[in-house]
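Shared between the two complexes below is chain A, which has chain B as its partner in the first and chain C in the second.
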Partner chain A sequence: MATVTLTPKKVPSLRLEADNITPDVFAGKSAAEIAGLHVFTGNTQELLGDYFTVAGSAGATAAETSIVIDGDASRVKYIGMKMSAGDILVKGNADMYVGAWMLGGKITVKGSIDAFAGTGMTGGEIIVDGDAGNYLGAAYRGDWRGMQGGLIRVGGNAGSDIGTFMRGGEIIIGGNTDVHVGTHQEGGRIVVKGDCKSKVGGQMVEGEIIVFGDIEVMMPGFQYRNDVDLEVDGSEATFALYEGDVGERHPKRKGDVVFGKLYLKY
Partner chain B sequence: MAKLVTDVVCPFCGTLCDDLEVSVTDDGKKILDVYNACAIGAEKFLHSQASDRITRPRMQDEDGNWKDVSYDEAVEYTAKILADAKKPLMYGWSSTNCESQAVGTQIGEVTGAIMDNTATVCHGTTLIAVQDVGIPSCTLGEVVNRADRIVFWGCNPAHAHPRHMSRYSIYPRGFFTGKGQKSRKLVVIDPRCTDTSKLADYHLQIEQGRDYELFDAFRVAFKGEKLPDTVAGIPKKTIYEVAETMKSGRFGIIFFGMGVTQSLSKNHNIDAAISVTRDLNDYSKWSIMPMRGHYNVTGSGEVWGWLHGFPFALDLSRGFARYNPGDTTSNDLLRRDEVDAVFVLGSDPGAHFPFGSVKKIWGLPSVCIDPHITPTSAVCKLHVPVAFVGVETGGCAYRMDNVPIECRKVVEPPEGMLTDEEFLKKVLTRVKELKGA
Partner chain C sequence: MAEYLIRNGFVYDPVLGIDGDKKDIAVKDGKIVETTALSKPTEINAAGMTVMAAGVDVHAHVAGPKVCVGRNFRPEDKLFNSTPQAGIKRMEGGFSVPTTLRTGYNYARMGYGFVMEAAMPPLFARHVHEEIRDTPIIDEAALPVFGNNWFVLEYLKNKEIENTAAYIAWLLRVTKGFGIKNVNPGGTEAWGWGMNCETVNDVVPYFEITPAEIIRGLIEANEYLGLPHCMHVHGNSLGEPGNYTVTLDTLKQAEGYTAKNDFGRDTVLHHTHLQFHSYGGTSYSSKGFESKSKEVMDYVNKQDNITFDLGVVTLDETTTMTADGPFEHHLSHMNHLKWANVDVELETAAGVVPFIYNPKSYIAGAQWAVGIELGLYAKDMMKTYITTDHPNAGPFTRYPRVIKWLMSRAAREHMLEKELKYGDSIRNTCYIGEIDRELTLFEIAQMTRAGPAKVLGLSHMFGSLRPGCEGDVAIYPYNPEAIDPSRDPELIERAFSTAQYLIKGGEMVVKEGDIVSNGSKRTFWVDCTTSENPQVQRDISEKFKRYYSVTEANYEVSGHHYVPNPYVIEVDASQ
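Up next is the complex of A and B:
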């Protein structure tokens, strides 16, 4: 695995759009070639080398390329967007769209990230030690396909609109979330270790939401079914199973109506 | 002597009444009186006649002292701050005509600007929901002639759209609604008691911020499924009863306002309301319509829709259109220090935006194009007064139901004053020179 290290040397005046920071674009390039890749500040095209000192060189393919951002990237958008393989480590924070439309590989962020991370992702992993912003693993506006595969794991809290229109994959939040978890969910699994505020599973068709803490206000479209014992992310517990959202359309499979499943820990 | 101008269109709210009459002096220079308009509409016409009106552009220095400048100097400053900026924000566009919106968009294309309109703090969430789930809608004419079930959700037309109820939604006698108000059942959903809710057959005094739950509960009720004892503070018996009332109509409509678009859940509230409308079409004919505020906010969405595919929060910075509310919306950009110049036309963010955003505008190169002195003109470096659209110049505007209506010129603007469109064309020419485009 060849490693490219980007050390921040200048704080962007506005915000930097750096959709070129992916193993796919870096693959096969030398440090000088990487420093010559473009970034955007608004309407102005600049160079990656204007903002980062580039060291090391990339592997021949994305899968053989590691990228380390050795510092803070809290004003840098689109890190790892559409990446298909390889890995990225951000030692500080990152701005919006981390791993948006990601296909594979792994992104690790030691700090926190802003909104729209993992938008419409189909594979790979996003691991965040700090907090995540709104619209984590959600769909782009007007799209009915949110996260479809892969894993997002957040150590801290997450914002609102987690997994909107999610259709596959798994999101695990270590802390609490704001409102709207799994709105319009049609598959996949969302695990919240802490509390959720309200609007959990609204308009949900299929899939699973598992909440270890409290839900302040339940959606009226969820109905209690029975208790179940589950092993979730390494811990065993008894949960109350609710099904819903009964107000929404639901498919039939083998003669039975399929609902979204909401597990709430006792 | 006076002459009467008939079929005048009111350029104030999204109801865009087109039956006003205005009497003007024979030389066409002064408005004497306005007939048929509501109080706020009439005031808009009469305000243009104020004797202390600002008629020349003016700039303020760092200590807040104003100095008159010529229109040429104003064009130069505006063109320069837009051309120099890496990410200029061009905001407003709701109280002007479509012709000006189109010229403004060309300026945005040349300078790589963010174009945003007042929907960003109003019905932008509605537009997001429409992109997510579509919208079954109709025109106000159909409401007059057919609707026998009216729902006002999170809006108070008695005050915000004063002639809406008399022209379209409650009182008028239409083709199939010959008994007027008697042929209609009115449901008002609002946490407050308002002058609209006083007229209602059912006033559901919902808990603040629980609209999403109540919409969901209606969908559960339509299906005959069981509900918790109360939802959003409303007993389930009432929810089932109102659900039956809605299902039993021949033609129903949900009108909704900023009480649902800008309270907790935002776009999801509208998404759920549209889903309620879709469900109701299994039993009867139902439509849904946003109560748009500014008279031509709908038009700016239309213009950008046909030019660039998105109705607000349009990001042209990289030479192609991008859109993502939360990222490309004015308040997010200001809050996150993502813009370096601010241009405002046809809106008053100084009054409508959070104070934090207004402070950011104050710290940036900025211009406000507005006939009035407003909180926005007070924080911008340059204030350019222009003629009143719909009073001193005509142009196209879109009513809340997306019907385009041609506004009329009623009087002459003050001597030497430019219209929005004339000013913008001069800026466009200069911006093209500066950018070498």
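Up next is the complex of A and C:
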């Protein structure tokens, strides 16, 4: 594993659009070549090297490449976008679209991340120690293909609209979420260790939402079925199972109607 | 203006009967001229390349409210495919519902010079014209929709052809329209009552008129006026298994009518996207569906007053949009994707739904087969046109791919063997596997320029390289002596996707594959004079006072703002 270290040297005046910061793009390149990759601030094209000191060099392939951002990237967008392998460690915060459309590999952020992380991701892992913003693991605006695979784990809280149009994979939130969880969800699993505000599972077709804390206001489209004991992310508990959203269409499988499942811990 | 001499290309011009001969083509002052008329031409060496008149598209949805709804509600259609401004080229974006700029540029890249917007809601004609205005390079016109219009339904119910014609002439003038579009005759209006018209004999509620009567009435009105284009119909029950009988009934309405016009058009009914209307069976599964392209073409091939376009499914993720509102609603319940509807008071209602023609599904592959079969069974290629009902069956940028499938059996076999998951079921339920025919470049030129120009009544301007025609010439990097369609089908697609040169109106627009000019696009419309008709005038004023949410004065598309560069075709129907 070869490591490329990016040390921030200048705070961008506008948000930096840096979708080139991925193991796939870095693979096979020297520090100088990486510093020469482009980034955008607004409509101006600049170089990665204008904003970061680049040290080390990349491996031959994405899988053999590690990237470390040794500092704060809270004004750097699209870190790890479309990456297929390898790993990225951000020692501070990161801006929007972390790991968007990610296919594989792993991104770890020690601080917090802004909105749209894991948009449409199909594989890989995003691990965030701090908080996540809105639209985590959701679909791109207008699209119906949200997160389809992989894992997103957030240690702190998440914002609103997480898992919108989610179709597969897993999102685990250590803390609380804002409104709208799993809207239009069609698969996959969302685990919230803390509380949710409201509009959990609106227009949900399939998949699972598991809430350890409280839901301030339940959706009227969910109906209580029975109690179940589950082991979730290493802890065992008894949950009330609700199914819904009954106002939405639902597929049939082996003669049974398949609903979205909402588990609420007692 | 510049003079061009296009030297030594392989020229295909069905109108002049030129079939790949090496010839020089001359352009001067915006027109095709004899080579002897040139004094100091810029020479273009077209040796080893194919030269044709610029393409003419008879049916695409490229401008107006429903296209705009498609763009607005599909931001994901522009994801990762936008390109920034560069040189004279402005920013482009979108795949199935491209921006106006990309629409103009992509048609130019394919060597097209004229495109018919196939469905203009009259009330929103201003919007249609604003988008046409903003689409560079290509000349365009638009067909207002009449098949569910209250005026038309009322006049035709009383068999008042003269009044129908007077209303149509008025509407073409105020909307700057080109001809008569007839979408799901009566069905869209019936949908307003919670119903539809599934056959040509279903009665439209309240108006008590049938689709058959609407189709015949509009043919009669069209020929009464002598419009350049014929009545352009999208029949009832689009997309329904078993609908081919409805299609045959629709086509039969043209029997007994002959074209009356001064524009060289000899047909009275154009059926659009026939692919969507040539289905047998009872469901979309491989056990319930079958192609009826052969049965439909057996009828079409015997008629001399019908034309049609293919509407080939291209197996892409696209955006469907039609003034067949009920169909789109139905579709959204099948694929569970988002749905939008644009109701237009008194006139029409369009729906918009994204759609994925998945090559891994049986039905998408079967639909693909039906469209290609229609082209291969057709006998008169001057009456058979290549379309994808853009963007309904696929984006217009796939025309080169459709040409490849029509020209190469190997390309079709590759689809059945490699690309389509249910190739074997498609062979069993469709005809595609048993057809050897490979269309020639001459036939492709008939289907993409000479034929459409003729049915639009524009053969005096487009579709041929005859001196006097518009200086619209496309040069493709395709050497018919070197390329074997059965061995190199991909070269066909590549060549027709990237015209090496396009001269449009005598101006070089594409040079060595690059857009080098935004052209001088024109909007074509038909100004048809009829004798005074006080009754129709009174009916129009009355309807505006009673029902419309706008006044008559605010309805008209007027002034240079909407149609800054018009080309008006005058028709005198006052006698």
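Keep in mind that, in the parts below, the second predicted complex is superposed on the first by the 266 of 266 C-alpha atoms of A that agree within 3 Å, B and C clash if a C-alpha of one lies under 4 Å from a C-alpha of the other, contacts with A are read in each partner's own complex, and residues count from 1 in each chain.
By definition in this document, contacts are C-beta pairs under 8 Å (C-beta built on N, C-alpha and C of every residue); 3 or more make two chains touch, one makes a residue touch a chain.
In this text the structure is predicted, and so the values were computed from the model without any measurement.
Once the two complexes are laid over each other on the shared chain, residue contacts for A:F40 go to chain B alone; chain C is not touched.
Partner contacting the larger number of chain A residues, of chain B and chain C: B. Of the two partner chains, chain B and chain C are each touched by A:G142.
In the superposition on chain A, contact is made by A:N134 with chain B only, not with chain C.
Under the contact criterion defined above, the residues of chain A that touch both chain B in one complex and chain C in the other are 140-142, 144. Every residue of chain C that touches chain A in the complex is listed here, in rising order: 73-77, 79, 336-338. In the complex of the two chains, the chain A residues touching chain C come out as 140-144, 249.
Listing the residues of chain B that touch chain A in their complex gives 85-87, 111-112, 128, 131-132, 210, 212-213, 216-220, 222-223, 225-228, 231, 264-265, 268, 271-272, 275, 279, 317-319, 323-327, 336-340.
Taken together, the chain A residues at the contact with chain B in this complex read 13-15, 17, 40-44, 96, 115-116, 134-135, 140-142, 144, 165, 179-180, 183-184, 198-199, 202-203, 217-221, 223, 245-248.
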